[in-house]
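Read the structure below first, then the notes.
Labels A, B, C and D are assigned to the chains in the order they are written; within every chain, residues are numbered from 1.
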Amino acid sequence: MKKLFAILLALVMVMPMAACGGSGNGNAGGTSNAGDSIEEELYSMIVFTKGAEYFNWCYAGMRDAAVTIGSHISVELQGPAEWDASLEARSVEQVLAKKPNGVVVSCADEATLVPVINKAVEGGTPVICFDSDSPDSDRLAYVGTNNFDFGAVAGKAIVEAIGTEGEVAIILVPGAVSMEERAQGCVDYLAEHAPNIKVSYLNDEGDVAKAEQVTSALLQSNPAIKAVFSTHGYGAPGAAAAARNLNKTDDVTIIGSDYDSATIELLKAGDVDGTVIDDPYLLGYQAFMLVYAAAHPTEVQSGNPPFGHVPAIIYGNCSLLTGDVLEDPAAAAKYENPPKI
Amino acid sequence: MSLLEIKNISKSFGSNKVLSNISIFLEKGEIHSFIGENGAGKSTLMKIIGGIYQADSGQFLINGKEVHMQNPMDAFREGIGIVHQELSVADNMTVAQNVFVNREPTNALGFIKWKQLNEDTVTEFKKIGIDIKPDTLVKTLSVGMQQVVEIVKVLSRDVKILILDEPTSALSDKEISNLFELLLKLKESGTLVIFISHKLKEIKQISDRVSVLRDGNFIGTLEKDEMEESTIIRMMVGREIDNLYPPKAKSRDGEIVLETRRLTRNEKYLDVSLKIKKGEITGMFGLVGSGRTEFAYSLFGADGVDGGEILLNGRPVRLKSPKMAIRYGIGYLSEDRKRTGLFVGMDVKDNVVASSLDFIMAKLGFLDDKKSEQVTEEYIGQLEIRPSNCSSLTVRSLSGGNQQKVLLAKWLAAKPEVLIVDEPTRGVDVGAKCKIHSILRALADSGIAIIMISSELPEILGLSDQVAVMHEGRLITVLENDGLTEETVLAHAFLKGGDNQ
Amino acid sequence: MQKRKRRIPVSGRSITLIIIIALVFGVISIIKGELFYSLTNISNVFSNLSYDLLLACGMTFVLILGGIDLSVGSVLAFVGIVITMLLNRGLNVALAIVIGLAVAVLAGAINGVIVSKFNVAPFVATLAMMSSLRGACYVLTSGFFVVGLPDSYVAIGRGYTLGIPNKIIISIAIMIFLGIISTRSRVFKQMFYVGQNADAAYLSGISSDRTIILGYAMCSLLAGVAAILMTSSFAMGQASFGTGFEMRAIAAAVIGGASMNGGEGNFVGTALGVILVALVNNVFIMFNGSPNWSTAISGIMLLVAVAFDLIRTRKRGESV
Amino acid sequence: MKKKNENILKVFSKINLHYLVLTFLIIVMAISMSMHSRYFLTITNIEVMVNTFIMEAIMALGMTMVIISGGTDISVSGVLPFTAIIFAKLMLQNVPIIVAMLVALAASGVIGLINNELRRILKIHPMVVTMAVQLTLRGLNLAITNGSVISGFSAGFQKISEFRLFGLSVPILVYIILAVVFYVFSKNHKSFLSVYFVGGNKEASAFSGMNTECVLRWVFIINALLAGLAGILSTTVYNSASYSFGQNAEMRVITAVAIGGTSLTHGGNGSIAGTLLGTLFMALIYNSFVMSGISTYYQDVFTGAMLIIAVLLSEGTRIVKEKSFKQALGDS
């Protein structure tokens, strides 16, 4: 019996702490300035696979953008750890209940979030999509990279590396729109500039170990594979490991996607030959600026009243990051010091 | 025309034949006992009558017309009720729910009428003179009481044919006598009662006729006046067993190995002071709930003590766990072999060495396979465990008697100084029983002190050198067993102890 | 069910597996030839399955005890994070590894205590541990990779000894160790008793609680070793490492003949189970199977293996 | 002395400490949250809170039944998307919605049946079987959708997600009905009682003339049907169907059930009432973390801790109710 009551007591203590510990979390300048004339504003970023380094960069951009507006702005990062569109839709719904002044969201798939996004916009909360779009929804704007171009960059890099002959493996997680677009972009480019190159696909379930497993199996069974293009961040390290096991690091060109501390190291080591990058930090930054603009209408005639005017689509450009770029410490510095969040 | 006619029933599991064309007539309003060694096929026959197994060949006639029973439900419809040897109550449910399982009083939509359910339950228990709260969880009842619930469950469907498969093994004498009164009532009202037990005394006491099975064959039926224990046993075993019990201890002056001083466990037993001598068998008689098993648990370190002390060879010891007790040379053969004794899924060898792993150890915590092999073979031989090549068979595949022997072997292998045996022959057939008795005596002669807990008075009297009588958590008295009679013991148990139930 | 006992426990299930594996291997070798049975490919398959192998063997301990451990994947990730973070802060490699393994053992011990002392369902207890540790990983790293590890550490996973990948050597070493344990060790034997009938074990003087705690600790320890191999060979720690590994481990162990009811299971079988799954995955890719289906493999394999075994035992009239 | 003990037991079997504490916790959380955020106790948030855990809530009802019957079913997270996809595909073929629903449900029912038959024939633990089925289904879902999300239903279909009765959305209405039905049945209906019996002592139930296999079959089928229903509802709510739906749902569901005090070790112990509380508790936790803006990273840690504490609590009550191991041995 005593034990039970002890537990009970512990709980009573835990709960309020958990509930109140939150205040000010993810806050730009500290909201604790009570009596401040400017009223608090909250902007939420919602992502799938929360915790992915890519989204951390995005969030960092958003946060810093918020700081430039002022200390009365607080921002937060929400979303499921799983790649589950329905779960993400729920997160959006929950966030909306907090009546945020604006929401920026990267959609796990283009359809599932439509209802909730529309609901938000009807309810007067501006919604901006970033990274992964939901074109059929009423979202005000999309900031992101054209994933087809993204893939094309990879394709270009591959052709430069291996010429117009040989085979290429593309690592992706089936169903992940952004990845499939990137893959398609790459395939299209190859079809145009190197029609003889044959392409095969690998599913690594977004897991590094699995990526190593499948890539090495393929490289082994099919020596004709000259290049591997991973359409997401975790693929490259796996593929690099695979090539290393078969000591094919020099014979196989590995092109990754996005940058994270691991990929950077591999680039410098030469295990990965290049990675296609956009600028997640900038995406986050711009997404916030857009949603803020949408939340604060000006005299300017707006394309989508009652919200402030925002352009429908902004494409960030994407480029190839290679090891030799990182020779220059100044350039490397940006990538090597991920933002603390 | 007899109520139930069994016509050349045969049944075999896989290769081995369990019943070979059995034919018996069972009359209305009689108490008909079945007896036979374990594996003789009694339980199988009953399960077939109860519709749980189907016979390979042969037929049943009830009042002359043939009946086919594919499952228990069919049997119930024919008015056959069976109380199983192993408890078949769901202990997570209430008494009422258990009694009326699967035929709860419901309305048209299948919703249960709780009020009626509970009332009916109370009335059913009233019939056998027990009043009980219908909404108590069965798991909070004693095993004996659970058995009663089981019986009431069957009686509550008005049965024409009532089968009781060793109903008394878990009951206290009081509960047993209640049960017997009830059976006689039922008999009067024309019910056919089929009664299975290993206790010859009981069988003689209540049955009108007794049929004997051996190795799946029907040996014969005895009328009341022909029921001589010797005759029955001969028919069962197929040979004479002239002397049921081994001789008593040769010398009574071994030194005291184990002594308890005012040992107390709250709500279990109180102020038990007992001296156990080398080379003797101390019988511990008491009803279920008299605190004897609980006392044994404390001696074995499986349960703590709240007062008093235990002295081993004169030195006081604190036994914190069975592990420790075994180190000190105390063994405890538990009463419920399936639940707390054996590892039925593992082979005989593993079971035999279970509590003596330390002894058969080579260096560095590694086990010596050869040695455990030897040990096992040794005891298989000594205890005549059958089949004799069973060392690598799973215990599950052995008969009850042999399982019990394996359990005994486990404790012999541990080389105890003091061996506590709790109901060593429960549910064991006469042949195995004798064997176990003589082994116990042999052990005692080899200088081991044995405490034998049993609720079978004949066994106690037949085997033990001194008899400790426990009642309601108190040690009533310790009697020297020379020419001790059941009456004296019972007198102590009830009169001195005071029967305040 | 009667089973003969040998010095090295090779259950009937193992025989089934060996047959299947042999079949698969033979057929593919004929079709794919050199590509498949070349040393590089084999050594590849093996070095890639080392993680699964370790986790599955750990799981075997727990299954024998009649339990289950859902937390192995999270333990792997957490230990990986702990070690890499320590190294990243410039701690001595050996020390970091020791601390990491200690953390692993601790996690397992906690599981064991909750299961044995407070008799909480293993599924629930380890489920709680699973989500707690996974959460902790993200709390520690907020999702960023942990990199900047000393080469001496990286060498553990990437290096070769006598031309054999360290991963393989380490896994083999551990397998041998487990092999010895499983034939002769007293403690290991006791795990079977406890798994079979905890009450009887207790009354036979076996301290069930300690055995259980030990079993869970072993399970986590092996997960910790896997963590070292993984983080070192990828030269990074990551919060999402080992997601979903627990299911793969359980599947492999069960394919290998472990039973959820406890008291059954052996490492030979488990290892064979892991190998079989890895082999099939490998084959699957060699024939460019649709990536969509690769997830389904272990599920189907599990059913097939169990069914196959059932048929075999039925034939021998062993069952029931 | 015994008498007193009996009385204590009596009291405990009457009032359930575990539920009391759980309710108490829920209240404490609710209060501290409403103090923390002014949006917490708004109608919208309450609705959101329910919506965000509604699918798990529905599945939890079935899962409770399965666990009481002494099994577990972790295939639900495969069945949910599977059914959603079938339903969606049919809708795109302009199959009348009712037909589509029935077909999809039937499909899920079949999966349930398969679960049970595999369990029965292969004689292996339900957990293993359902795990295999889950893995297989996840692959299947991927294969039949090629990983792409299915959407673009008729405008009429979208009406369903907007439909409100007393301001309650379809899933909530469905859940309320199911919850009531399950509660009433679990308390008073013969059928559910037999589930408790099978969970408590399978052999005994069989001896009592109960068709245990039949009971188990329906338990698994109904559970799968509920998962399927959740899948269909998801499709209506999100107006799309994707293989990604319902990831790790089984863990969330089982967590809710376990927090509700249904024992995974001892079949036959547990109740729908407990599960309702457990579900509410989980919904509250998820909502609280978003509301309070605490990094959801802590959510997993917290949920884990809560799970253990809750289960310790229920085991605690269970033991007080029964007696500890040694006593239990002692009285035999």
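One rule holds in what follows: contacts are C-beta pairs under 8 Å (C-beta built on N, C-alpha and C of every residue); 3 or more make two chains touch, one makes a residue touch a chain.
No experiment lies behind these values; they were computed from the predicted model shown.
Using the average of C-alpha coordinates as each chain's centre, B ends up farthest from chain D.
Each chain gets one centre point, the mean of its Cα atoms, and the points for chain A and chain B are 70 Å apart.
Distance between chain centres (mean CA atoms), chain B to chain D: 43 Å. The centroid of the Cα atoms in chain A and the matching centroid in chain C are 32 Å apart.
Shared interface positions of chain D, defined as residues touching 2 or more other chains, are 142, 146-147, 295, 297-298, 300, 302, 305, 312, 329. Among all residues of chain B, those that touch two or more other chains are 302, 339-340. In chain A, 50-51, 81, 174 are the positions where the chain touches two or more neighbouring chains simultaneously.
By the document's touch criterion, interfaces exist between A-C, A-D, B-C, B-D, C-D.
Listed in rising order, the residues of chain C touching chain B in the complex are 1-5, 7, 183-187, 189-190, 192-193, 196-197, 199-207, 263-264, 317.
Against chain D, the residues of chain B that register as touching in their complex are 50, 52, 71-73, 75-76, 82, 84, 86-93, 97, 101-102, 104, 106, 110-112, 114, 136-137, 139-140, 142-143, 153, 170, 266-268, 289, 293-294, 297, 302-303, 335-336, 339-340.
Here chain D touches chain C in the complex through residues 72, 118, 121-125, 127-129, 131-140, 142-143, 146-147, 251, 254-255, 258, 263-265, 295, 297-305, 307-308, 311-312, 315, 325, 329, going by the rule given at the top. By the touch criterion stated above, chain A contacts chain C in their complex at residues 50-53, 55-56, 81, 172, 174, 200-203, 205-209, 212-214, 216-218, 220-221, 223, 234, 237-238, 241, 244-246, 260-262, 264-265, 338, 341. Residues of chain C touching chain A in their complex: 32, 35-36, 38, 40-41, 44-45, 47-48, 51, 134, 138, 142-148, 158, 165, 230, 233-236, 238-244, 278, 281-282, 285-286, 288, 291-292, 294-295.
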